[in-house]
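Naming follows writing order (A, B, C, D, E and F), and every chain is counted from residue 1.
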Amino acid sequence: MLLHLSTWAEIEQYLKRSRAVVVPIGSNEQHGPTGLLGTDWLCPEIIAREAEKSADILVAPTFNIGMAQHHLGFPGTISLRPSTFIAAIGDWIRSLATHGFEKILFLNGHGGNIASIEAAFSEVYVEASFAKRHAGFAMKLCNWWDLEGVGELARKQFPEGHGVHATPSEIAITQWAFPDAIKSADYSPKIAPSGPIREALDFRARYPDGRMGSDPAQASPEKGGELVRLAASSLVRELNAFASEPLPR
Amino acid sequence: MLLHLSTWAEIEQYLKRSRAVVVPIGSNEQHGPTGLLGTDWLCPEIIAREAEKSADILVAPTFNIGMAQHHLGFPGTISLRPSTFIAAIGDWIRSLATHGFEKILFLNGHGGNIASIEAAFSEVYVEASFAKRHAGFAMKLCNWWDLEGVGELARKQFPEGHGVHATPSEIAITQWAFPDAIKSADYSPKIAPSGPIREALDFRARYPDGRMGSDPAQASPEKGGELVRLAASSLVRELNAFASEPLPR
Amino acid sequence: MLLHLSTWAEIEQYLKRSRAVVVPIGSNEQHGPTGLLGTDWLCPEIIAREAEKSADILVAPTFNIGMAQHHLGFPGTISLRPSTFIAAIGDWIRSLATHGFEKILFLNGHGGNIASIEAAFSEVYVEASFAKRHAGFAMKLCNWWDLEGVGELARKQFPEGHGVHATPSEIAITQWAFPDAIKSADYSPKIAPSGPIREALDFRARYPDGRMGSDPAQASPEKGGELVRLAASSLVRELNAFASEPLPR
Amino acid sequence: MLLHLSTWAEIEQYLKRSRAVVVPIGSNEQHGPTGLLGTDWLCPEIIAREAEKSADILVAPTFNIGMAQHHLGFPGTISLRPSTFIAAIGDWIRSLATHGFEKILFLNGHGGNIASIEAAFSEVYVEASFAKRHAGFAMKLCNWWDLEGVGELARKQFPEGHGVHATPSEIAITQWAFPDAIKSADYSPKIAPSGPIREALDFRARYPDGRMGSDPAQASPEKGGELVRLAASSLVRELNAFASEPLPR
Amino acid sequence: MLLHLSTWAEIEQYLKRSRAVVVPIGSNEQHGPTGLLGTDWLCPEIIAREAEKSADILVAPTFNIGMAQHHLGFPGTISLRPSTFIAAIGDWIRSLATHGFEKILFLNGHGGNIASIEAAFSEVYVEASFAKRHAGFAMKLCNWWDLEGVGELARKQFPEGHGVHATPSEIAITQWAFPDAIKSADYSPKIAPSGPIREALDFRARYPDGRMGSDPAQASPEKGGELVRLAASSLVRELNAFASEPLPR
Amino acid sequence: MLLHLSTWAEIEQYLKRSRAVVVPIGSNEQHGPTGLLGTDWLCPEIIAREAEKSADILVAPTFNIGMAQHHLGFPGTISLRPSTFIAAIGDWIRSLATHGFEKILFLNGHGGNIASIEAAFSEVYVEASFAKRHAGFAMKLCNWWDLEGVGELARKQFPEGHGVHATPSEIAITQWAFPDAIKSADYSPKIAPSGPIREALDFRARYPDGRMGSDPAQASPEKGGELVRLAASSLVRELNAFASEPLPR
């Protein structure tokens, strides 16, 4: 069930059978010479919507702009400050909690989001902690690449040059979903360099074409499809397990 | 050109021929018994992407969650606080300006967003004003229903019961774009009541099924298609005019 | 009744007969070669205090600094950022609500304030909406030029060259109230240019003497007096209607 | 020279002969059974405007709402949070500095404002300190009762029962300025109790009629006039001395 | 009892016999040619821990970074903005109040902290005031030099050249506590200049070696020991008096 | 070199030979029945000061209160909200950068701090990224248990029941440093449960004595000493490597 294509009355019905919702969350940022700017929000959206096709789960709209300040040296990147991102995630959570959602799973597509998302969870929980009351709801952060079996499959598909940014696995997923938007380029070097992440100019100096440690030439729509199907089924299990956890009151 | 399906190198090329970008912005909120929760962000997204098919314009990802606090009494609504929304719009603008975008047109789909979007523009401009320097870029807010000719067409299509929320025109647009998600219901009363907008419980008490002044039963995919095509061509003209305005330095 | 010239005990008495209060709100900003810097906060203050002379209404102190970032290129302008303005309006509302005021009417004198005032109302209401409770009070924004009959009178008085900033109507009002502070200048051009509003340097470049679309030479104390008397009586009706609205609980 | 009754062109002229400005700042809060709610912003406004009559100084609009959270238990009090107050003072300073004002003297009428005003000054200065540059302007806080000679006069006028809130000296000043708004009441006890200041309910429990340590029955318009004239002349000297201080660059 | 060397179970026990806690709070900032950068947080820590040796009081960890923006021109200074400082003090208070602490005494070692600490108290109290409820706890600010008898002793020890920054009394206290870290220098002039405090570059220009009005050469570990012992015993009395104050509910 | 026991002139000298500084950072929070409340800020402080004894490194004061909202159900815990924590870390960094520090290593003692510290780094870097300039400095986060060799030693010392909170390794370190503050208790169960971390009441319900997955009975001062010595020498290597990294400009 896609929340944005539902009516409020349909969500009211859904809440009678489940209190869980998946929020795809990512980032809009450069992904090397061939990766789509939307890669990091498209991947969790693609996976969540694939999962929704065969399971009675609810998928919220995609939170498409995250914390990508280090990619701002490359045109097309859009980033929130961590403080803005934390405030916005908090308002999404507060909104969903208002309706009675008790389990909010953020399916994340961007490593750079992790710190801010976790900080946002604590920023929401602390309101309950300072007030000495229960929150009444719980959040969970799942990176799509950490879903059961997905890391193993990616390592099998791309034993070398997977890297950490503009990886062949994420690019394969967008190739599968958007075959008309497959781009090509000569990569030099074949496997991009690795190193620390700091401000945008530093990043562009270290990683001139935007990749980090990756060789995206290995991506293919077929491999992307395999990843999506596996991730989607793992997501359903993850969400169901989370949904069935009792919530202390 | 869809920014999220482009690479950073393609955006770098685009910036050589244009400094303008369209950002569809809306809200995810209840739209009466039959309107989709995503209506207000889907409409500007649909129009902007329709426009992009036949013109060399750049469309950013959709800013899909806006200021909808008054709709929080209906399940599925997600809202930012105005302060969060203003901070987030500011970060989008700052990010785009970093790349050299000088004309940022927000194509808006939600009346409740207008105040916060305009406040956000001022919040960004004031940095330049306090520093006694030029901003180097300009923003414009266009509500899709204010695009040239669109209001006239809507009044012709729906001479009565257009209303201001869950209007037949916005619902027609989503019907055209998502024919599989057309919902139906008996509306009672036929034309919904009107009145002020305050907090969520007040809103739900005044407008029990979520509509304000509207009779969405008049919507049809055909009328939606007419609206989209007209709005798309007006948007291209609006953007081109904005893009060609000189920027004082 | 002027709140600032009353004691707390007098306000306690007033609250037994009414829960409504008027807050004049404006801006301190350049108003062309002859307009007073205080014009936009003086006008609503003048009108509200005129209304108070013949009706049992309560007038709060004037909120005299608003959102005028675009006028900062002209000496004497003082502006809050939108975010500061929103926070401050919120604290005024929270304070008044603490005492049991249930209807807070902001009588506004500056177009540039509208977005921030409306955003401020939502910022206050959202606290109730996130908490699923009633606010217990309501706010209303009235621009003095939108009070019943006022626009018509101004159009009759100034059929041409009314414009939108440093208008003859607002200058006439301050002339009526402060006859010793009437200034004169040669206006060139007679009717000032029109256009968009952006950061301060852009504004000063577009509107070199500060006026927008107006010919203030038409102002006179007599016309000002007419406007004030009409606006004052309309304000009393507007406030009484607002005061008598039931508040859902 | 009253800024709000001047044009921008007049301020531009003034800046050629002086870079100093006085900002009356106070609070709108209960002042016991007979004190006006506006006492704390009226006093500095009265003194500054008296000073302006005989000296070429510039007086800004009055910052009329300050930090009075502890008085919120009494109807009519309006308070900013310290954080809001600090942000607003900062924006006033930034605005004035934009025009070239280099010496901004805040003439304060409320003891409860002092901490927030000083914190606000530091909040503005720290921007320069973090950036390793000069601010280019300086602020000074003067409480009107600390102006040269004023404390001595008040102690002579009111050797007993001056107290710290709803004092006979501040009430005398408003009696002098607003003879039509003089109120009377039986005070019991004659001299109000003293003690700590905490939240509003605690305050009202400790100080049932709002006074702290004072016997306002001693106030008279004549004593108020003496205080105003002395304070006004001291203010001019204080401002001139401040204006002539060299500013390191 | 030192909170940081206790277990939560021991604090739970302590709360059964007392609801009071001391928080040493200071600043890390330059203290002239011979003063330690930690002087202002070490002094209250030293005094509080001395007091704790012979009385059943609870001493929290030391809040060691305060508002020292004006000292940032000298290496080693670390400062919070006032707004950050206020937020952090608020969170300390909220945390302690959660456990049932009702009397929180901040023993302060830095004059520049006073405004922000008092603003922070009001920022916390206002939450109760806006909500029309009791806070349930109270805060008190004590500067160590204002503890009973301490000022007198310091004036006796240092009748001249005590000054206000890098004073012989505070340096004596750190000499007593850290005899291995006693530094020496030639002071020129013997007694440092006095004047206003503004941004960091202004401060360093006015006070080239960092001292304000002081002659620290008079400090000795013996004098420091006298000050510490007196301050410690006064602190215990102060805390006990505060602890025994009834709290209105 | 301990920054707080140095003078500003000594830091000025230090900056001529190194631009690196270590900031111990932790949390003050419950650590089970026997762990000290200060454990998480004491451990990095102990290790950094041990390292400083034999290497020319500079150790800043300890940032002792972190993000521990989930422990607020246990008396003695003090927590910042993530947003406050991020603001404060930012101000520490801005202060140190003002003096020319270019490499700021945060030696962390609390897992719950990681997200906020990383978000804080990005919050600082984004200022440079939005301004299209280099930051001029870099930060690094090192958890003491991740220093080279430390994890291996801890696993060897405590092959079972190390857990993640109130671990035998961190308790051993404080036992070594504070032998007079060694506490004992019967642990039941021997190894504490594991699970998710949410708000404070949820945490206390899941982990009744405060431990997570650990058996602290295995701790001893001797093991603590081993850990400290190893961690201290690894820290020096880590800092030197970081200090010698070139910084792009």
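Assume a contact is a pair of C-beta atoms (placed from the backbone, for glycine too) under 8 Å apart; a residue touches a chain by one contact, two chains touch by 3 or more.
Being a predicted model, the structure only gives us computed values, none of them experimental.
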Any chain in contact with chain A as well as chain F: B, E
Steps needed, at fewest, to go from chain E to chain F via touching chains: 1
Angle of rotation relating chain B to chain D [CA atoms, steps of 5 degrees]: 120
Most widely separated chain from chain B, with each centre as the mean of CA atoms: E
Chain pair repeating A-F, as identified from E-F, B-D or B-C when over half of the contact pairs by residue number coincide: B-C
Between chain F and chain D, distance of the C-alpha-averaged centres to the nearest whole Å: 46
Separation of chain D from chain E, taking each centre as the mean of its C-alpha atoms, in whole Å: 29
Distance from the mean Cα position of chain F to that of chain C, given in whole angstrom: 53
Numbers and ranges of chain B residues touching at least 2 other chains: 72, 79, 81, 83, 87, 95, 98, 129-130, 132, 200
Contact graph of the chains (line, ring, star, complete, other): other
Each pair of chains that touches, named by its two labels: A-B, A-C, A-E, A-F, B-C, B-D, B-F, C-D, C-E, D-E, D-F, E-F
Residues of chain B touching chain F in the complex: 94-95, 98
Interfacial residue positions of chain F with respect to chain A in the complex: 67, 69-70, 72-73, 79, 81-83, 86-87, 112, 114-120, 122-123, 125-126, 128-130, 132-135, 138, 140, 196, 198-202, 205-206, 248
Chain A residues touching chain E - in the complex, by the definition given at the top: 129-130, 132
Residues of chain D touching chain C in the complex: 3-12, 15, 28, 30-38, 41-42, 60-65, 72, 74-81, 83-84, 87-88, 90-92, 95-96, 98-100, 178, 181, 183, 185, 200, 210
